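Below, subunit A partners subunit B and then partners subunit C, in two separate complexes.
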Partner chain A sequence: MSAEADPSALFRQEASELVASIEVGLLDLEKREGDSELIASVFRDLHTVKGSGAMFGFTEVAAFVHEFETAFDRLRRGEAAVNADVIAVSLKACDHIRGLLADPATAPAGKPILDALAGAMDSAAASGAGLVVQVRLPADAIRLGHHPRRLLDELAALGKTRIAALPEAIPPLDDLDPTDCLTGWRVEIEGNVDPADVEAVFVFLADLIDLEITPLGDPAPSMAEAPREATPARTAAPAQGSGPDTMRVATERLDELMDRVGELVIAEARLHSIAQTAGDSVLLVVAEDIQRLAEGLRDATMSMRMVPIGSITGRFRRLVRDLSTQLGRPIRFETSGEDTELDKTVIELLADPLVHIIRNAADHGLESPQERQAVCKPETGTIELDAEYSGAEVLIRVRDDGRGLDPAKIRRRAIDRGLTTEDAQLSEAELFRLVLEPGFSTAERVTDLSGRGVGMDVVRRTVEDLRGQIEIASEPGHGSTITLRLPLTLAIIDGLLIEIGGEYYSIPLAAVEECVELPAPHAAASGASSFLNIRGSLVPFVRLRDLFAVTAPPSDFQKVVVVTSGGSRIGLVVDRIVANNQTVIKQLSRLHAALKGFSGATILGDGTVALILDVPQLVALGRTIEDRSARLERAA
Partner chain B sequence: MTKTILAVDDSPSVRQMVQMTLKGAGYTVVEAVDGEDALDKARRGRFDAVITDQNMPKLDGIGFIRRFRELPTAVGVPVVFLSTESRDDLKAEARAAGATGWMTKPFDQTMLLNVVKKIAG
Partner chain C sequence: MNVVTMRLGGEIMAIPTDCLREILEPVPVTRVPRAGAFSNSLINVRGAVVPLADLRVAFAMGIEPATMDTRMVVLDVPIGGESITVAIIADKVHDVSHFDPAGIEDLPAVGHAWPPDFIRGIGKWQNDFVILPDLETVFSQAVQNHAPAASLSDKET
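Entry: the complex of A and B
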C-alpha cells in the first residue's frame, strides 16, 4: 500500500496541518488574548483532530486532544482567561500531539501537560478564589451506607464546582469488588469557601479519609513538574519551517484544470492534423513537441484527480459498526485494495450507492446470530469490500457471507410487481438483475435501514451514469457478491480511432485486446458463422456496419478489433483502423443519452465528431449472440 | 418514595421524639425496643437508615451493629450510633462495628434531622 493511499497516513498529514493551524492560532492568541474568534477557531481545529483521530484508530491522539479540547472549552465559555502560561503549555500540547502522531508508543505521557494546562487556566480563572478538594473515601464506605454522590452534592452546595474523578486506584475488572469505593474525587470549588465547611461535609469520615484542601490556583506538586517533563518533547519536535508535503486544492480548480487540458488536447489534435497536411517539417516538429507536452499534462492532471478508495472506506467502517449495533448482529467489516485509485468525482458519487449496498448486505444478506448458529456459520457475519484494477476498469466488490439471494423469491416478487411474467424464461443472472429494477424489494419487512425498494435502482442509475456496470452473484446459504465495474476516469481516455462507412468512432484503448484481419471466408456481408477462430478460441463478432446500418460498400480489407469487458470478448468488424488518439469524453446530449452502444462523443483534430463505442454493451451483445447460437445448436 | 428509618432505643420518649421529628420531615419510622428486636425487624425488611442507641437491654448498640452488618440487607445501609458519652474510643468501636455516623445525646430535633438528612438523603 503506498504511503499516500494509507488512510492513516492521510490522517497524519491532515492532523499535522491542523496542529500547525492550531499553533498559528495560539501564537495569534498570545497577541490578542481576548479574541473569541481565534479561540473558537483553535477549538474547531482541535475538534477535527479529535474526530478524525478517533476514526482512524489514533486513540492516544484522540484521548489527549479530547482533554486538550475540554480545557480549551473553558476558554471558549469564558470560564478562564488566556494568559502567557496557557499559551506556553498549549504549545507544548501541540508538540505532544505531533509526538503522538509520529509514534504513540514512544511519546511521553500527556497527563503532566494536561495538568499544567488546567493549572495555568485555574490560575487564570477570573476570581482566583476557591478551593481544590481531593478526597478518597475508605473502601467500605458504600457498604457502610455512605453516599459519595450526596457528599459531592453537599460540596456543590458550597459554591460552583467542577468535579473530576480520580480513577487511579481502580483495579482491573477481574479484581474489582463493585461494592468497594475506589474512586477518588478532585473537586474545584469556586468562590469564597471556608475549608471548615468542606471538612464538615466529611464529618463522619474525618479521620478515615485522605482529604486534601488546597486553595484554587495553587499548582499542585504534580503540576509544577509538568513543564520539566514536557521539555524533551519540545526539543524533539522537528523544525516546522518547511511547509507540508502536500497541499489541498479546491476540487473546482482541478475540474477547471481538467476541462482546460481537455480543450488543449483537442486543440493539439487540430494542430497536429494541420501540420501534417501542410507538410511543413518545422511546424511538424513543434506540433509533435506540443503533443508530447499535452500528453504529459493530461496524465499529470488526471493523476491529481485520482483518490484512493481508502478515502471513503472509513465512513463504511463506521456505518457497519452502527448497523451492527442497530441490528443486534455482530458484523466484521474487511476492506482490501484501499489504495486502488479512482477519479475523485467517481469516488464521491460512489459513496452513497456503496452505503446502500452495504446496508442491504447487513440488513437482508446477513442472518441473525441465531439463524447463523442454526446453519453452523460463525455468529459474526462478514462484509468485505474490495477494490482492484481490471484493465481500464476498477472493480469494487461488496461480498457478504449471509444467506444469499433466493431466486425463487425474487421471481415471485418480480411477478408480483409486474416486472416479469409468469412464463418468462429467465436465467439466474437475469433474475438477479431484476433486483435493480425500480420498485423491487424482497425484504418481508421494511426496516428503517433498507427495504423500501428505492435503493437498488438508484444504485444502478448512479453506476450507469458513471459508465459502470453492476453484476450480482449469489450462492444460496453462502452469501452474495455485488460487483461494481467502473471506468478509471470520466474525462480523457486513450482511444483507438476506427472508421466505418466514412464515419469515425473511438474505442477505449484499454478495452482493446488485439486487432486482426477479417479472414476471407467471413468477408462477405452476413456470412454464415458469426464466430472467429482466434488462435483456437471462438470469439463472437458483430459487424458494426450492420449494427449502424451502413449501406456503402465495405473496404476490401476489413479489420476486427477484439475488445474485452468483464472477462468476455467480442470482435468488432470495422472498415479501417485509423490511429490512436486522445479521446476527450464529451457527454452525449440528453436526446442521445439513451442510445445503446455509445458512451459519449469526442471531437477530433479536424473538428469532426466521433462517437465513443460502449464496449461493455457491445460485449453484452456478443454474449446474446453466443446464447442464441447455443440455443440454436440445442434445437438442432 | 418515602424513606424508612429504623429507630432503635429502649426509651419510649426518645423513640417518640425521633418518630415525631422524622415523620414531620417525610420519613417513615419503624421502632424497635432493643438490639434483638431491631435485628428481627432488619431481617424481615430493608431500611434506608438505622438510628440506634448504645445502652439497651438484651443487645446493646455496638453488638446490634456488628450483627446487623452480617445481614445481606445491611449492605449500603447507613447506621447512626447514639450515645450519651462522647468518648472517642466508643466512637471508634462503633465505627469498627460498622456505624456510619454518630450523634451524642442529648440532641435536639434539628440536629437529628440534619444527621439523618446527611446520611439517608
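Entry: the complex of A and C
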C-alpha cells in the first residue's frame, strides 16, 4: 500500500487537484460574476484544502488558505462582489498555494497577496455595492401636500441612481382618481450608502409608506434572476473526478494490471490456436469462454486508464487568460470534445506540447487588437481546442483565427537555417512541416512567452514517441490549425492478421475499411497502374510484397486491404487475410525505432513475433503515389 | 572479470557475464523488412520482443549456416546510458571463464580487417586469441546508422 505510506504525498496530490478545481471555478466565475453556486463551490474546495492541510501538518498552507477562505466568505455572503481584480488576485493566491505545497518556506510571500485580495474586495464593495429602495407612498400623499418628485431628488442626491416606476397598482383610466398617488418607485443607488440616510428622506411618511431597502446585487431582488439561469446545468460538474464513487489507485498498479492482461491475451491466443488444431470441441468451448473473458477484462482494464481530455483543459484556460493579460490581447478560448478519452500516460505527456502550441498561437498566431481591427476582424482573437475520435485515432486540434503562417517567410527562414535549399520544390504542407524541425523559429523577436524552452521540434518528438503525427494547415489571414493525431491506446488493439509470402503482419483493425480481391489485370507483377477502382473512386495501392522485399512467389488470389487514416485511403496488397486477432503492442527497440512503416510488434498465438503496420505512414506513402502520378499526368 | 566465450565466424569472442541474460536454442525469427543486415529480425524471449543481431555482419566475418551448435545469446547492452535487450547469434557457445583484465592487450594496428572501434581488446583463452567486442559502440552505431536512412519512399524513388 504505497499510497498510504506517505500521507503528505497523498495530501499534496489531493490539494493540487483541489487548487486546479478552484482555478477552474474562478475562471468560470469571471464569466458569470453573480453565480452564487460557483462561489459556494470554490468556498467548499478552499475549506477542504484548509481542513486537510491542518490535519496533515501543512500549517502554512492551512493558515494561508484560512485567510483566502475568509475573504471568499465575504463574497459568499454578498458583502463584496466578484470583479476582475478579485479573480486576478485569487488566481495568484492559487499559485501561491501551489508554491506552499512544494515548499512551505515561501510562506512570507503570501501576505501581500492576501492584502491585495482584501483590497480588491473592498474596492468591489465600494464600487459595486449600493442599495435598492422600493417605495410606495400612501394614496393620499399628494393631497396631503407631499411631493414624490422632491423625495426622489433627495434620494438622487445620495449617489448615482437609476429610477424605475412600479405601475402595477394603477387602475384602468375610468377608475383613476388623478389626485391619488398610486405609482411606486424602485430606486437603485450605487455606492456606499447608509440605509439610515434613505430612511431619513422618508422620515415624515415613516408610518404611512411601504418602504423596502435591500443591498444592491443581493440575489433576492428579481432583477438579479437573469444570470442565475445558467447555474443548474453547471451544478453537477464541479464534482467531476472527485465524486464519492471514485477511488485513487497508483498508476504503477494500473500499469502492472495492464501488463498482466497483455500476457493473458497472448496466452489466450495460444490456447485458442492449440484448441483449434486439436479439434476437441470441449476444449474449444472452454477456449472461447476464456477468449470472451479475456476480451472483457482487456476492455475494462483499458477503460480504467482512460481519462477525458477535459482533465487538462483547465490549465489551458488559465494559460490563455495569463497570455491574454501579458500580451494585452483579448483572447477567447473555446474547447469542445472535452469528454474524448485518451490513455492517462498520453494525456500527461501531451500537456506540455499543447501548452507550447497554444502559447505559439497566442503569441505568433493572433495579431494585436489594432492589427485585427485594421483587417476587419473582431478585436478578440479566438483559440479553439477540440478533440474527437477518428477511427483508431484521437485528433486534437488547436485552431486560431490569427494571421496564419506565411509560406514565403518560412521558406526564407528554412533556407537561412540550412533546412532546405533555394531550388527545392516544396509543397505548402512540406513547407509547414519545416516549422517542426529543430532550430527553426519564425518569431522575429524572441519573446518571454514563446522564445524559451521547448521548441516545436520537441512537440514533434513527444507526439512521435506516442506514435502520433502532427499536421499543420494554415490560411493566410484566417489563422492556422495544428492537428495532433494520436493512437487511441498504447497497449492492446484489435488487429487484422495478414500473410505475405509466409510472413505475418498485423494491421490495426480500426483503420481497415474493407477487403477486396485484387482484380485480375493487376495480379501480374508490378503493373503500370497503381490505382484500384473501388465503386467508382480511385484508391492508390502498394504491394507490400515489393515494399518489404518478399521473394516468395505471390499467391494466386491476392487480396487488397483498404486502410484509412486522416481521410485518405490506401490499398495494401497481401497474399492472404488470416484472421482477427488481439494485438498486444510491444514497442520496437531502439535498433528498429527509426524504421518507418511499423508501429510495433506483437506476439502471435504460436509464440512467433509479427510486425504491426503503421497505417498513417503507409497512407502517407499512398499520397506520394498520387502526387507522383499527378505530376506524370501534368508532364504528359 | 568473468566472460562467456563463443565462436563467431571462425573467431572466438568473449563477452562479460555482467551483460549476459540467457542463452537460447534457436527460436523462430521474424524478419524485419528494410532493417539492414546487422539486425534484421525479431525473436520472442519469454514474452518480450527482442531484436536479433548478427555480430558477424558488423565484423565482416563469414556467415556459416546454422548448425546444431548455433545459439542465440540474449544480452543487456547499454546504449547512451540506457540499457536495451538484444540477442546475438553465436555459431557455438563454449563456456564461462575467468579473464585477467591485465592480460588484455590492445588490438594490433595491422594484420586484421576488423573495425578497430568495435574491439576493446584481445585476450587469451586456452591458447587461442579471443576478441573482446565493444558492444556498446557496435549497437550505438547501428542505432545511428538507422535513424536517417529509413524512409518508406526511399525504395520507390
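The working rule: the second predicted complex is superposed on the first by the 390 of 636 C-alpha atoms of A that agree within 3 Å, B and C clash if a C-alpha of one lies under 4 Å from a C-alpha of the other, contacts with A are read in each partner's own complex, and residues count from 1 in each chain.
In this section, a residue touches a chain if its C-beta (ideal position, glycine included) is under 8 Å from a C-beta of that chain, and two chains touch if they have at least 3 such contacts.
Here the structure is a predicted model, which is why all the values come from computation and not from measurement.
Student: Per the overlay, which chain contacts more subunit A residues, subunit B or subunit C?
Tutor: Comparing touch counts on subunit A for subunit B and subunit C gives C.
Student: Is A:Thr608 in contact with subunit B, with subunit C, with both, or with neither (first, second, both, neither)?
Tutor: Touch status of A:Thr608: second partner only.
Student: Between subunit B (first) and subunit C (second), which does A:Leu591 come into contact with in this model arrangement: first, second, both, or neither?
Tutor: second
Student: Once the shared chain is lined up, is A:Glu503 touching subunit B (first), subunit C (second), both, or neither of them?
Tutor: second
Student: Would you sort A:Gln617 into first (subunit B), second (subunit C), both or neither based on which partner it touches?
Tutor: second
Student: Regarding the shared-chain residue A:Glu430, is it in contact with subunit B (first), subunit C (second), both, or neither?
Tutor: Neither partner.
Student: Given the complex with subunit B, which residues does subunit A contribute to the contact?
Tutor: Touch residues, subunit A against subunit B: 142-147, 150, 154, 179, 203-204, 208.
Student: In the complex formed with subunit C, which residues of subunit A make contact?
Tutor: Interface residues on the subunit A side: 263, 266, 503-504, 546-550, 586, 588-592, 594-598, 601-603, 607-611, 617-618, 620-621, 624-625.
Student: Can you list the residues on subunit C that touch subunit A in the complex?
Tutor: Counting only subunit C, the residues touching subunit A are 27-35, 39, 42-44, 47-51, 53, 79, 82, 84-86, 139, 142-143, 146-148, 150-153, 155-156.
Student: Quick check: in the complex, which residue numbers of subunit B touch subunit A?
Tutor: Subunit B reaches subunit A through residues 49, 75-79, 95, 98-102, 118-119, 121.
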